[in-house]
């Protein structure tokens, strides 16, 4: 929120995102057919927190979820990789389809789902008892996946996360010694090592300084060429900078709902719903 | 006209003092005096044990700890001859404590993991209450149970171990007598210290930072994978600290050990055989008939035990506070 | 968006199929256990127990392998192992409780509670002689210990939380060190310091002193925790009104922490109620009532049990079991009341 980008006009925002849309290369073959949420609801005990969200995340796109605090964006993103169920006494309804198959089907191995749908959290959380190199490969170790060339994989993931040049000489150092931005990029590298098709990011930059934020946004742009990304963000300029599509969430005191979704430059320049327009023009939120 | 701002110097901070009222001075004095009682008591314990045990320590010198004879008798010339060497009992204390740790630590850690990560809520509450209760059982209860209930079963287990693993020295026995052995004493001790280790481990495990737990799950870890990657590294220090606290308790156990161990004054590493001892039970065994010379030696033995326990507890607290401070 | 037609579900919960598979694996394991034990020379409860566990492990792992792959097997194995650990601990506790109840109950009768052992010997049958004197002795010991350790413990805790003087770190460390003193050393200390140095001989008073050494750290630590829970605003309100520190502590802080402090005392009593070793050096034994705490040996329940165990006759052993049952009930009651008081202090 300390950035100096002028948020006065929605047209300024949509101009940024249009520019981004043009820069996007006709992508390398996206993996799978993407992720789709159909009629997703979420409850915390008896409290209905999220109501009837349907969103289609096309393969190879970046979708931003925006909206004021407490409107269910984080809850929703956690239903996408089945992390919502870790909170005691929660329940959900609806379907989430990965490559056409519902990830909530009974009998499915949830750990396999989470290998295909990765997540990066708001607060960077590398494993402090492991070195940088071990952190990157930790996903493979946990899944007991053998890899023929771990060093190569490590270098590839750290490069894609934009961290390789800074840590290549100290892969044996403990992860706790890195700065916040570096730790978050390490978490991205770690998530990439298991080769997910989708990467979920829950406000990945909100705990970081603007320099690190910029670097991570560059990373997101690069990554979107080969996977589907869903990013929750409080920062509308960030949404405009990195995403192809934007979905606006709102709660009017009841359960959170998705009000509107569309290509990012349209959401910012010609939103169809009045509430969306109020939010992107800064009248509230 | 100068445009410079007038020079500003930050004033020095004033000293804040108050003269407390008389009633407060008395209050503070009384409270301080009473709290130094802890210091006074500990110092007195060390002092008196040393004073009264001095003659024995002086006569035996360093041999008190290293030699392993304990007897006092009057020889042909009417002179009293005494040998006091604590080594057999010190070794015995360590042997049964190690057996106890080997059994208790795995069981306690597994129980703590079960309670923190696997047990359904209702069962968890009941189990925690039961384990806390267990910590309050009188030691003599363990003695009775150990002798009348556990020992018959433990003798059978010892026979099995001897049959299949008897080729290893510590599992061999000079004669097939398996009752009241260090093995059985170790089992009884382990049951006594399990509540302590379980409580400490449980507390540490439940404080595992949630963000690391979520990171592991988000990478597709199973519950056990998450425990191995996050919980165990985080909690290792706490478990070690809890085990050392338990070790300190095990060193000083008296009546429970006395009931299930045949106190014989020999260093014995063959744990299945009916011979063993620890310093505390040795003291109460000899206390009844001790003359003045031996009494002095027994008190010195108490001093040694005291020092040993202080050392272990000090070390344990150090480890536990190190965990808390580093927060890893 | 109507939400009335949508039902919350938990697709991750165990399905009936999962439960059926679990039951199936248990049943198969039980069957194989009987088969294996019958076919081999193993015998005894342990054989059944361990064979069943291993069989269950193997069979369930096969099911898990089919569903979740290799890493699922490790996960399932670990889960069962933790369950086994907890089960073994529970079996031990139950065995202890059950033995005290079943063996102790047989020796309980009215005489047990009302008579003492002056006219009975260790060979006299149950019905003659009882432990009334020991019950009295134990209560006397506890009273003496409370009288000394409560002021000492609470005042020390007050020093650590209210005055926080320069020696606070040292005192804290010493209290922790004191909590590690073995009970036998506490008794030996009183023996060495008092009995060998002064004309005083074993009595309830000396036993109370030994128990004090063991009780003070518990009282101090718990009182400290409770006093620290009293919100700072309360103290500041008292001082802001111009009250002296001692009035603030006495009239504001301590009453606020009252039920917690009572909990601390109760926990201290629970700590010492069952102690045997220190009493052997300092109290001795006695067959009937001794109402004088300062002169003459006295009796206590743990020592009665100890003597009974060592005496060896069937009757004395029976008395020992009954005594431990009583002691256990007393300790349990103390423990439960500490819990209840503790919850009350939390609610404030």
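Annotations for the structure displayed:
Letters A, B and C mark the chains as written, and numbering starts fresh at 1 in each.
Assume a contact is a pair of C-beta atoms (placed from the backbone, for glycine too) under 8 Å apart; a residue touches a chain by one contact, two chains touch by 3 or more.
None of the values given here were measured: they were computed from a predicted structure.
Centroid distances from subunit B, each centroid being the mean of CA atoms, peak for A. Comparing chain pairs A-C and B-C, the larger number of C-beta contacts belongs to B-C. Between subunit A and subunit C, the centres computed from C-alpha atoms are 51 Å apart.
Mean C-alpha positions place subunit B and subunit C at a centre distance of 16 Å.
Those residues of subunit B in touch with two or more other chains are numbered 222, 225. Residue numbers of subunit C whose C-beta contacts span two or more other chains: 68, 71-72, 74.
Multi-chain contact residues of subunit A, defined as those touching 2 or more other chains: 111, 142-143. Within the complex formed with subunit C, the subunit B residues making contact are 20-21, 23-24, 26-28, 30-32, 34-39, 41-42, 44-45, 48-49, 51-53, 106-111, 113-115, 117-119, 127, 130-134, 136-145, 147-150, 156-157, 191, 194, 198, 222-225, 227, 245, 248-249, 251-255, 259, 280, 283-284, 287, 295, 298-299, 302, 305-306, 309-310, 312-314, 317. Against subunit A, in their complex, subunit B makes its touches with residues 209, 211-212, 214-222, 225-226, 229-230, 233-234, 328. By the touch criterion stated above, subunit A contacts subunit C in their complex at residues 39, 41, 43, 48, 51-52, 82, 85, 90-94, 104-107, 109-111, 142-144, 255, 257. The touching residues of subunit A, when paired with subunit B in their complex, are 81, 83, 86, 111-115, 118-119, 121, 123, 125-129, 138-139, 141-143, 176, 187, 190-191, 194. Here subunit C touches subunit A in the complex through residues 1, 3, 6-12, 15, 17, 67-72, 74, going by the rule given at the top.
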